[in-house]
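All remarks here apply to the structure that follows.
Chain IDs A, B, C and D follow the sequence of writing; residue 1 opens each chain.
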Amino acid sequence: MTRISALVTSAPAGGISYKNIDLQVNNEAKAKLKPVYTGLCGTDRMMISGNLPFTYNPKGQDYIVIGHEAVCQVLDIEDNKFNIKSGDYVVPVVRRPGSCVNCRIGRPDNCSDADHDVIEAGVRGLNGFNSEYFYDFPQNLLKINDKTNILINVLTEPTKNVMKAFEIFDKVSERSIFTGSDSTYMQKNCVIIGTGSEAFLYAFMAKEYTMNVFMTNRHSMPEDKMKIIDGINASFFNYKNETMPDYIDLLIDTSGDPETIMRFIRKLNYNGVCILFGTNGAAPGTDYTGIDISYIVEHNIVIAGSVDGSKKHYLDAIKYLNKWKYMPGSAVKYLITGIFSPDETEIFMKKPIEEIKSVIKW
Amino acid sequence: MTRISALVTSAPAGGISYKNIDLQVNNEAKAKLKPVYTGLCGTDRMMISGNLPFTYNPKGQDYIVIGHEAVCQVLDIEDNKFNIKSGDYVVPVVRRPGSCVNCRIGRPDNCSDADHDVIEAGVRGLNGFNSEYFYDFPQNLLKINDKTNILINVLTEPTKNVMKAFEIFDKVSERSIFTGSDSTYMQKNCVIIGTGSEAFLYAFMAKEYTMNVFMTNRHSMPEDKMKIIDGINASFFNYKNETMPDYIDLLIDTSGDPETIMRFIRKLNYNGVCILFGTNGAAPGTDYTGIDISYIVEHNIVIAGSVDGSKKHYLDAIKYLNKWKYMPGSAVKYLITGIFSPDETEIFMKKPIEEIKSVIKW
Amino acid sequence: MTRISALVTSAPAGGISYKNIDLQVNNEAKAKLKPVYTGLCGTDRMMISGNLPFTYNPKGQDYIVIGHEAVCQVLDIEDNKFNIKSGDYVVPVVRRPGSCVNCRIGRPDNCSDADHDVIEAGVRGLNGFNSEYFYDFPQNLLKINDKTNILINVLTEPTKNVMKAFEIFDKVSERSIFTGSDSTYMQKNCVIIGTGSEAFLYAFMAKEYTMNVFMTNRHSMPEDKMKIIDGINASFFNYKNETMPDYIDLLIDTSGDPETIMRFIRKLNYNGVCILFGTNGAAPGTDYTGIDISYIVEHNIVIAGSVDGSKKHYLDAIKYLNKWKYMPGSAVKYLITGIFSPDETEIFMKKPIEEIKSVIKW
Amino acid sequence: MTRISALVTSAPAGGISYKNIDLQVNNEAKAKLKPVYTGLCGTDRMMISGNLPFTYNPKGQDYIVIGHEAVCQVLDIEDNKFNIKSGDYVVPVVRRPGSCVNCRIGRPDNCSDADHDVIEAGVRGLNGFNSEYFYDFPQNLLKINDKTNILINVLTEPTKNVMKAFEIFDKVSERSIFTGSDSTYMQKNCVIIGTGSEAFLYAFMAKEYTMNVFMTNRHSMPEDKMKIIDGINASFFNYKNETMPDYIDLLIDTSGDPETIMRFIRKLNYNGVCILFGTNGAAPGTDYTGIDISYIVEHNIVIAGSVDGSKKHYLDAIKYLNKWKYMPGSAVKYLITGIFSPDETEIFMKKPIEEIKSVIKW
């Protein structure tokens, strides 16, 4: 037993403190890891405010170390087939497989029994990554080969969600010919609802598909954010008062708001796809009518929920972050809008103005 | 110009009459066809009551011959590569391809520009099949090789919708492992909302997938209909007061009613699929909340609209109807609940009690 | 321990005898089964002649009960979730899953480690079905709901191979648009090499796809076999001297003969698919040249090996056999060309003239 | 009519000269283009030596301008929906769509009638890109947004072949679970036969899949080439005398040599995939036996020919080349081993020692 400092909450009650905890050394998990950077996200803040009822502490603890977005350095590790060595940078995965038919093939993101069968670091039943150091198994770690500007790789976990969502898009868009008559996505319009970090990462990826990308929200965009959007040759419109594209081929929601979602579904093109990613249990209800259902039917529209991602999506995330890191202008680096120390716990309670992604440096 | 009797309405105004019309002989369309049986469906009734605003008369006519479900006999036909000859039975397709990227590959059901680019016999801009005889092109006809009990083949057109919907199911269910750990659908629950003819055809097909099939509605089922459900080893529950399965893997809606749809989406399993097929523009709205959206996201659920079907689906429909025709008990034949003559136009206005499918004998 | 009569060989040495063996009662496998009909195939004959080096006896036995094609009746069974009861007819599966990533999802036919990880009833390490009775687990049994003409269901096991092969065809033909511009397979030519039982079952299935089906071999077809081919509206040509179709879209080989296979690959159309199913380790080699490789490349051709099938394919086999059973003319029944008793062991050594499928009645 | 200098041959007879030709100004094709760099490939050399019988001169010409790998600058262009302007860099596509079902959806690489229905710049019936300037249509041009180090983009055309091949791999590997039980390709072995420019580009892409990548040939690798292989963390073995991996999951051939191909197919793992890309009509034949066929069947192996690529693959090529351009070390730039002037026509006849890709600067 060692005492280390950590950021902890009590799930699902909430609260946040930076304090010393007794680290139960897991003798089996022979990788010792030190977080270098961890990211903050909506899930963390909802946990801290006691608004995520499905979260729970690890067995035998009255607290949970929070944080599931991290890039870590390996302090010590047993021999492993992944060729991970001491000193390497790694990203640990959040969700750990259970025994269902999807988990068995390494796809806990598609767990058929997620109510009972999975644990998630920093969220459900397993300590997260915001502690001086921690132990994990080599198979839960993804190695970052490129050690330059490792800060960007703290975005790996949120980016893996985007990779999973586009995998779903690839699958469901095979119902018909989705691409244009030139085989490309160049004339396809992608609208992304929201302007948080995930929304930006979706925009980055939609541009890799060569789509026309539009981000939207119900307020205007500050200059700093517009710089990023311009940097990837995308657009923004305030949907309350600005013109939007005539039709949408791919709609991605990061808001979780039923009213906004339906507003844009009504603009989806034939064979259009809507990816639902954002969640907001507190979002008010809105009327969906028979006309809306008819619209979805007659336009062969698909609406697909997408949650989490598996190791393959982490690898894809690493691949694309690596590309974006080196692109001229490197817009991706502007997604990190603040770097804090672990004791600045107030950022868990109050989102910094114009935050895209806040990061803790360990 | 010849005078023939036909069932006509004026689109989109409505009305119905059985009367003589001048048949414009299309000299290009060298297949002369006589309907043997035509089927009635909700679309016909909505047209007649003036409730389908997107319908319109053929150019230069102030009426449209209604009816898009038919099995016909060929009176005369030019040589064709489909090996269709005089005396053969055929089913004419409804939707005719335009020039979009999907129509080009024979998939007008996925038309990317259906607002402008397609015509539909008996619905939009083209006479339907309820007339003494009519002309069409060989490429719009599907031959029925099995001439026994040809009445069943009047169900080809509604069945092709089911085939298209299951094609969509096949595609979207590839996002994850949908089948059980034994590779089959045997432990999967399929719930079908509605008890009309399409609902029954969906039930027949879901049984071919070896799923557990449940039909549901908000009233009890009369004995005649229960006989069919029993005949295919499916179940029924009244969702207002009877027990339903604990979870649903595949949900198929034929009601178009937002409230009922969401009631069951909330019971969808992880990786579940909801196929929306029914449309009812007059269905009242209902509240979809942030919790509903979160449920769809966290369960990796897909909701897919499915409209129409292409020639390949007509062929699949013929294949399965042929199977069902010969099955011991032959439950499929009980789907046809009434056979009427063309002058009994009141059935267009008033649905016979306990109708599943009403058919007109020509 | 009970003494029962069985057909046994010693793997891989060979030989055949019908004799009494001591049945080791497996107390765990609580389904007691009596074969009703078993089928004979090339694998059986090769085992008996000592020509299948990969076969081996069950552990602790110096013999193996042969036979892997069977329809059985349940004598006694424990409660099970498959709703199989005493008196039911069932087909037992051949290959039993190991622990590889494909076996885990019920796909031992795709076993990633079949050299070490699977056992096969009647072939590798597990007694087959040619014994008075035997024990198995409910999860290895597929129930036949339709009890009429149960003889046809002895074809379930060979038919499941066909279902797996068409699953592969479905997947690999998605590289491009394989269907015609009308979305159907109606103008597509399927050539099947061979005229044994598997070849016929492939022909039956290719007709379900509405392809033009041609069977071929290097001799003429006897009248009995031609009756079956005519019955499903397919064709036959002797490739040594008769005209063949100008091009082939789908080529299926049941011969395992490299020379014949390449003869027809050279006729494959752009985007064509060749399914290799037949195996014949003794088939002589033939020259494949750079021109052949270029042809495959420039025509985007796929050649796919297909072995075995999983429970889902057995279910599909049952579905289609059920359809074919009831079709007018019922050509499928003519595939069974002889019914023998277990003591007529000479049929294992000498193929009856004009055999398609020989069956043993228990 | 203007006189410009160009590199021409006469197809299919061969020969090469750098001389003045009369440029037929195509008044419809309103993009005027100047090549900046063009690449040389085996096809060019085979044309020049008169060994590509399917090549032919444009109608009304007794010569054809050769060259189908180019990055060009736009001198003048009409308004277009692709937002291409004067001064932009573009890559022109080689194959132009005909009217078949695949060409109709922008996939001339999958042309169903390539013997009659497609033309290819610099190869079949259309002048290529090795001339002072030429005219083309905006829809045949792909814009390069990143203007840095434009030389690398001369690799776009050969790289698009790789993208098409991996699209095929993605499709055919869906027959089973191809990835490991962790959902990734990290433990999968990819062997690439050959060490030319295409082989290297395949290696680059296989690394993006995170596979273990092995290049092979029947001689040792010079230091310069090894530097590139090391730079992407791949390996090389001389298959005549060095150890190769125990098993292969993905085999890619760039040699077109039947003997070498079969040597490695015999090492393919269960569910393995072999992509045939290389062509060499002069490669000697080799014996394929019944044992080889059995191996392919019993291992569920797929062998897929892959030719050409469509606009979507050009876009993917541009995407990845852009990534590789900026990667630390930038191994991709070493693929260009020589830059020549148009009058150095001897490089068409004699491959420079240790050439990977020779380029002409215009």
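Assume contacts are C-beta pairs under 8 Å (C-beta built on N, C-alpha and C of every residue); 3 or more make two chains touch, one makes a residue touch a chain.
Remember, it's a predicted structure, so these values are computed and weren't measured experimentally.
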Chain whose mean Cα position lies farthest from subunit C: A
B-D or A-D, whichever has more C-beta pairs in contact: A-D
Inter-chain centre distance, subunit A versus subunit D - centres from mean C-alpha coordinates, in Å: 36
Inter-chain centre distance, subunit C versus subunit D - centres from mean C-alpha coordinates, in Å: 41
Length of the line joining the C-alpha centres of subunit B and subunit D, rounded to whole Å: 47
Junction residues of subunit A, two or more chains touched: 101, 104-105, 107, 174, 177, 179-181
Category of the chain touch graph - line, ring, star, complete, other: complete
For the subunit C and subunit A complex, residues of the former touching the latter: 101, 104-105, 174
Residues of subunit D touching subunit A in the complex: 81-82, 104-107, 139, 145-146, 148, 177, 179-187, 208, 210, 233, 310-312, 315, 319, 322-323, 326-328
Residues of subunit A that touch subunit B when the two form their complex: 101-102, 104-105, 107, 109-114, 167-168, 171-172, 174-177, 179-181, 253, 256-258, 261-262, 269-271, 276-294, 296-307
